[in-house]
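Below you'll find the structures, each written out as C-alpha cells.
Shared chain: chain A. Partners: chain B in the first complex, chain C in the second.
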Partner chain A sequence: MEEIYRKKGVKIREHLNEQYIEVSRKDFKDSCAYLYEKKHSVLRLMFATDERRIDNSFRIYTVFSIPGIDRFFIIVLSLKDDDFTFPSITTEIPAAHWYEREIRDMFGLIPKGHPDLRRLILHDSFPANSYPLRKDWSITETDLREWGEGVKQKEPYNFMEVEGEGIYEIPVGPVHAGIIEPGHFRFSAVGETIVFLEPRLFYTHKGTEKHFEGMSFFDGIKLAERVSGTSSFSHSVAYCMAVERIAGIEITEKAKGVRTLLLEIERLYNHIGDIGNMCAGTGLAVGYAKGAVLKENLMQLNDRLTGSRYLRGINVIGGVTKDVFLQADAILSTVNDVTHGYKDSMRLLLGSASHIERLENTGGLSKDIAQKLGVTGVAARASGINDDIRKAHPHLLYDRLEFESHTMTKGDVFARMMVRAEEAECSISMINALLENRYEGELSVEVMEIPEYSSAIGYAETPRGSVFYWVMSDNEGRPFRVKLRSPSYCNWPAVPFAGQGNIVPDFPLCNKSFNLSYSGCDM
Partner chain B sequence: MEYFQFLIIIIFSPLINGIIKKIKATMQGRRGPGILQPYYDLIRLFKKDMVISSVTSWIFKATPYIVFTATITASMIVPVITTKASLGMMGDVIALIYIFALGRFFMALAGLDAGTAFGGEGSSREMTVAILVEPIMMLSIFTAAISAGSTNIARIAQIQGIFYSPSHILALFAFIVAIIAETGRIPVDNPDTHLELTMIHEGMLLEYSGPYLALMEWAHYMKQMLLFTIAVDIFFPLGISNNTEFSGIAISFSAYILKMLFIAFLTAFVESTRAKMRFFQMPSLLGWAFVLALLSLLTYIMMGK
Partner chain C sequence: MLKEIIKNIITKKKVITFPEGFNISPEEAAKIVSFQEKIDRAFSRSLRIRQVDAGSCNACEWECTALTNPIYDIQRFGIDFVASPRHADVLLVTGPVSRQMELALRKTYLATPEPRLVIACGDCTIDGGVYRGSYAVSNGVANVVPVDCYISGCPPTPIAIIKGLMELMKKISG
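This part shows the complex of A and B:
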C-alpha cells in the first residue's frame, strides 16, 4: 500500500474499517490497478457523488477489499474545474464496466478510455444530456411523459451484431410469456447453439437512489426494504448499518442476535425456494411444488415472528423493534419441520437422474470470467471464488459463529444448486446455534445525532450475494447520497457468459440458477 | 350409431386433459383447477377478440380450420367404442398418420408466418421431433397391422386378442414414447411452461389468440385423445364392441372410460416424476424407441408372432 500512500498529493482519511485515499487524476488509474493486480483485491463498488454544493466537485469512489483483510480501501478522485471526465479503469478492471457506464448515465461524467460508452441504465427515450443524479437535475413535463411512453428514440442504442453464415437473432422480451420481470435478451444463435447473448435490462428504473436523497434516514429503511423482495431484510440491515456507522453507534448484543438470526432465516427460505425454482426450469413439477411448500412454511414463520412475510419493519436505526428470541420454540419447531422436508426433497432431486442430467454441464461460468466480472454470492462460490462478506468483513455475530463458506469448482447449474444446498444446511445449524444462546441488552439504542457530510459503508450477505450501501449525510440530517449496489448488479454481466455455447432451450434454466432480480439492480 | 362415435372424441377430449391436469396437481400436492377447466377455457377463448399480426398471410387464418378439421377427419377413421368405424372404409392407419402430418405442416407454417422468433423456433423444433416420431409410429403400428393382416384400425382391433406376443409388447413401448412426443409432454416438451425459449408446441401457438387459439387448443386435446384411443385400439382392444347393439356398446363404453382414465393416470405420472429432457438428448430417446419398433417388426417376421 505504501506505493500509493507515497504518491504526491495523497490524502488519507480513516473511518472504522474504511480507508479513504484521495488521489490525483493522474494517479487514479495506477492506484486502482495496483490494488487490483498486485493485491488481488475485489472491486466491491464504484460510484460518483455530486458534491458541488460542498466544495464544487464531483467525486468518484472506488471501493476495494483485499482478501484476508477486514478493511475497505476506497480510492477517491475529485473532479473539479468543469472537467467532466475521468480515466476509465475498465480495461484494467473489467468489473468496473457497468459502474462506469452508470456514472456516465447518471452524472454525465465521461469515463475516458471505456470501450463501450453506450447507455446502460437510461433507455432510448430518456432525453440526452440529462443526468438524474446531479443535484440540480430537473425534467420537463413533456420529457417525462415521452420517457414514460418510451416511443421517441432520443439516443438510440445499437445492439451488437454477430455476422456469419447461419447466424440468426432471437430477440426475447422485455415482455415475456410468463409473469416475470421485464428484461430484453438478444441471442445470436446457430441452430440451437448460443453464440452470443446481449441482455438489455433496466426497464424498471424507479430512481431509488434519487428517492433516498431528501428522505429522512428513518424513512430510508422502508425504501431499502422494498428494493428487492427476496432480500428485504439484508437490504435493511446493510442500510441501517451504514447509518449507524455514520452516527458512530454500536448496536446491542441482542439486536445483533436478532439481525443475524433473521438474516439466516431469510437465506434459508430463499435457498430452499431457489432450489425448487430450478425444478421449474427442468419441468420437474413435483420438486418445484415441494420447494414452494417449504418456502411458504418459512414465510409464514416470518409472518408469525414479525408480522411481515418479508421480514419488513424489524430493523430500525440503532437496533431492532422486536425480540424474536422470545419465540425461540416456534422458530425451532418450524425450522425442524422444514429441515426434514428439505432433506427429503433434496434426496428426491439428487435421485432424479433426469433432473441432474439437465443441471450438469449447463451454464458453466469459469472462475476466470467470474473473477474478472466481480461476480458475487452463490454464483461466485459455485465457480470456485471463496468470497463471502460474512467471512471477508465479519459483522453482527458472524465472527463468533462457526460456519463454512462452501465453494464448488465447475460453475455449472448443478454447482450453483449444491452451493445453495450446502449453505441452506449451514444456515439451519447457525439458526440452531443462535437460539441456544442468550443475548443481553436493549432492543435498540437511541441515535442522538448524525454528523453532517460524513459517510460510511454498510454491507450484508443476501441470499444472492453481497449488498452494499454507501450513505452520506447532508447538513440537515438527511441522506445526501445513497449508493446501493445489489448482488444482481454484479452478477447480471456474467449471465451471458454462462449462456454462451449452451443451447437456447437451456438458457432459462441457466438464468434461474443465478436467480437474479431485474428490478433489484435498477436503482 | 357408429357414424357418431367420433363425437365422443370431440366432446370428451378437453375432459381428458382436465383429468390429467387434476391428477398432476394432486401429485404435486396442489388442489388444482377442476376437471372441467379446459371447457371453461375454450368457452372463454371463443368469446374473446382476436389480435392478429398485420404481417401474417392467409395461412395464419386458415391453419386453425385446417388443423381442426384434419383432426376431426382423423377421429372419424378411428373406432372408439365399436369396430364398425364411422368411415373405416375410407382410410387406414397410414392415411391417419398423414392427416396428422397435414395438420402439423400447416401449424409449422403458421408458426413461421408471423415472423416472430418463437414461432420459428417452435416450428423448427416441432419438425425435428416429427421427423423422428413418424417412423416410430409407422413401424409400431405396422407390427400390429402385419399380424392382423390389415392396416385398417378397426380390423386390427377386431383381431388383436388378449394375449400378447413379444413383438406387440416391444411395439407398445415404442408407441408410448411416440405418443408422449406427439402430444408434447414431458420429457419431450413441457405443456405447462411459460418459458418461451423452451417451447415446442406452445411456441407455434404463441401468436394465436381468441377463437383461433381455442380451435388449435381443442384440436390438440382431440389429437391427444385420438392417440390414446389408437393405442387402446391396437394394443388393448379388450371389451371393444364389434357391433352396435346396446349391451355391447355399454360394455365397450365403460371399458373405454376405464382405459382412458388409466392412460391419463400414466401420462400424469410420467409427467410428474420426470424432468424435461435436454433438447439435444431427445433424439437418443426417440432413437431408442425407433430401435424398439424395428425390433418388434423383426421379432414378428422372425418368430411369426
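This part shows the complex of A and C:
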C-alpha cells in the first residue's frame, strides 16, 4: 500500500473497514494494477457516481479486498472539467470488463482503452446518448415506448461472429422452453460441439439502482428483497447493513442471531433445491422429485417462521421484525427431517453412475479464468478459489461459528454439486449450533439520523456468492446512490468459458450447475 | 392400501388425496375437484400453460416450478407447463414487463393459438408493484397484452396460483 500512499495528491479517508484512497487520473491505473498484481487482491465491485451536485464531478470507485485482510481498499477517481473519460483497467484486470461497460451505458463516462465498447445493459432501441443514472436525465414517453417496442435500432449491437467451415449459429431465447428467466444465447457450433457462446442478457433490466434513488431508505428494503427471488434475504441483509453502517448503528446480538440463522436457512433451501435441479438436466426424475420435496419442506418452514416463503419482511434498518428463535423446535424438527431426506437422496445421486458420468468433466471452468473474471461463490470455490465473504470479511455472528469454506479443484459440474453438498451440511451444523445459544437484546434499535453525503458498503454471502451494496445518502436523509452487485453479475461472463468445448445438449446442465439469477444480474 | 384401492374400484369413487404439505381445507379440496371437471370439459382434460417471465424477480417462477413438485403435482389435474407458446392454451406472465422484454412478450402472445388466455401472476404484473414508475418497466402486463385474470401475492403461493387457475376456469366455463 505504501507505494500508493507515497504518491502525490493522495487523499485517504477511513470509515470502519473501508479505506478510500483518492488518486489522480494518471495514477489511477497504476494504483489499481498494483493492488491487483502485487497484492493479489480481488476486484469486488466498480461503479460510478454523479456527484456534480456536490462538487461538480463524477467519481469512479473501484473496491478491492486483499485475501487475509478484513479491509476494503477503494480507489477513487474524480472526473472534473467535463472530461467524461477515464482510463480503462480491463486489460490489466479483466474482471473490470462489465463494470466499465456498465458505467459507459449508465453514466456516459467512456473507459478509454476498453477492448469492447458495445452496449451491455441497454438494448439497441434505447435512445443513443442517454444515460439513466445521471441525475439530470429524463426520458420522453415516445422514447420509452419505442424502446419497449424495439422498433428502431438506435445504437447497433453486433454479435461476435465465428467464421470457418461447418460452423453454424444456434440462437436461443430470450423466451426459453422451461420455467426460467429470459436471456439470449448465441451458440456457434461445429456439429454438436460448442465453439463459442455469446450470451446477451439484461432483458429483465428494471432500472433498480435508479429506482432506489426515488425511495426512502426504509422502502428500499422492499426493493432489495426483490432483486433476486431466491436470495431475497441475503440482499436485504447487505442493503440494511450498508445503511446501518452509514448511520453508525450496531445491531443487537439478537438481531445478528436472527440474520445469521436465516441466511443459513436460505443457503440450505437453495443448495438442496439446486442439487435436485441438476437432476432435471440429466433426466434423473427421482432425484429431481426428492430435491423438490425437500426444498418445499424448507419453504414451508420459512413461511411458518416469517410469513413469507422467501423470508421477506424480516429485515428492517436497525434489526429484524421477528424473533424466529421462539420457534426453535419447529426449525429443529424440520431441519432434522430434511437432513435425513437429503442424505438419502445424496446416496442415491452418488450411486447413480449415469448421473455422475454426465456431471464429471462437463462444464469445466479453470481456476485461471475464474480468477481473471472475478468469479464468486460456489462457482469460484469449485474451481479452487478459496473465497467466502463470511470468512474474508466476518460479519454478524460468523466469526464465532465454526465452519469451513470448501473448495474443489476441477471446476466441473460435479465439483459445483459437491461444493453445494458440503456447504449444505455445513449450514445444517451451523443452524444447530445457532439454536443452542441464547441471544440477548432488543429486536431492533432505532435509527436516529442518517448523516448527509456519507457512504458505506454492506455485504453478505448469498447461496450463489457474494453480494455487495454500496449506499450513499443525500442531504435530505434519502438515498443518493445505491450500487448493487449480485454474484450472478460476476459469474455470468464465466458461463461461456465453461460451455466451450461441450456439446450443446450439455449446456442446460452446465447452466443449472451455476444456477445464476438473470434478474439479479440485470438489475 | 390394497383394500382401499379395491374398494375404490368397486364403488367407482373418485378420490383425490392431497399429500402432506398441500395445506388446503376440505371445502377448498371439493372446489378443486369440480375445477378439474371443468378442465376435463373445456379443455378435453388438458390445460397447457406457457410461462413467460417478463422481468420478474424469479420468485414467481419458482412458485410455478413448485407446482410441478410431488406435493402440489399440478399435472394430476391435467394441467402442465409446455415448452412453446404454440402448444399453449394459456400464457402465465410474471413480472412488471421490463421494457426490454416487451417485444418478446408481444411476439409470444401472437404465437399462441386461440383462445390465447393470459393470466398475470404476481403483484408486479398488476401495476408494476415495487418497480412501479421505474423508467425500465411498463407498469403491468395489461399495458402490453390483454389480461384475463390476475393472481395477487408477492409471490403468490403455489396454492394461490391453483386458486387463480380455478378462477380463470370459472370465468370461461361458468
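Side notes on the structure shown:
The working rule: the second predicted complex is superposed on the first by the 523 of 523 C-alpha atoms of A that agree within 3 Å, B and C clash if a C-alpha of one lies under 4 Å from a C-alpha of the other, contacts with A are read in each partner's own complex, and residues count from 1 in each chain.
Simple rule for what comes next: contacts are C-beta pairs under 8 Å (C-beta built on N, C-alpha and C of every residue); 3 or more make two chains touch, one makes a residue touch a chain.
All of these numbers come straight from a predicted model, not from anything done at the bench.
Within the superposed three-chain model, A:E357 lies in touch with chain B and out of touch with chain C [touch as defined at top].
Judged by the touch definition given at the top, the superposed model places A:E181 against chain C, while chain B stays out of reach.
When the two structures are aligned on the shared chain, A:Y439 is found in touch with neither chain B nor chain C. Greater residue coverage of chain A by touch, when chain B is weighed against chain C, goes to C. Once chain A of one complex is fitted onto chain A of the other, the partner contacts of A:Y20 are absent, as it touches neither chain B nor chain C.
Within the superposed three-chain model, A:I139 lies in touch with chain C and out of touch with chain B [touch as defined at top].
Contacts of A:P171 after superposition on the shared chain: chain B is touched, whereas chain C is not.
When both complexes are overlaid on chain A, the residue A:F196 reaches neither chain B nor chain C.
In the superposition on chain A, contact is made by A:A289 with both chain B and chain C. In the superposed model, A:G281 makes contact with chain B only, not with chain C. Chain A residues 177-180, 289, 293 lie at the interface with chain B in one structure and with chain C in the other.
Here chain A touches chain B in the complex through residues 169-172, 176-180, 192, 279, 281-286, 288-290, 293, 352, 354-355, 357-358, 362, 503-508, going by the rule given at the top.
Interface residues of chain C, counted against chain A in their complex, comprise 21, 23, 51-66, 68-71, 81, 83-85, 95-96, 98-104, 106, 108, 124, 129-131, 133-138, 144, 154-155, 157.
Of all residues in chain B, those touching chain A in their complex are 24, 27-30, 117-118, 121, 186-187, 190, 192-199, 202, 206, 271-281.
Residue ranges on chain A touching chain C, taken from their complex, read 123, 126, 132, 139, 144, 147-150, 174-175, 177-182, 202-208, 210-211, 214, 222-223, 226-230, 232, 289, 292-293, 295-297, 299-300, 303, 309-310, 312, 517-520, 522.
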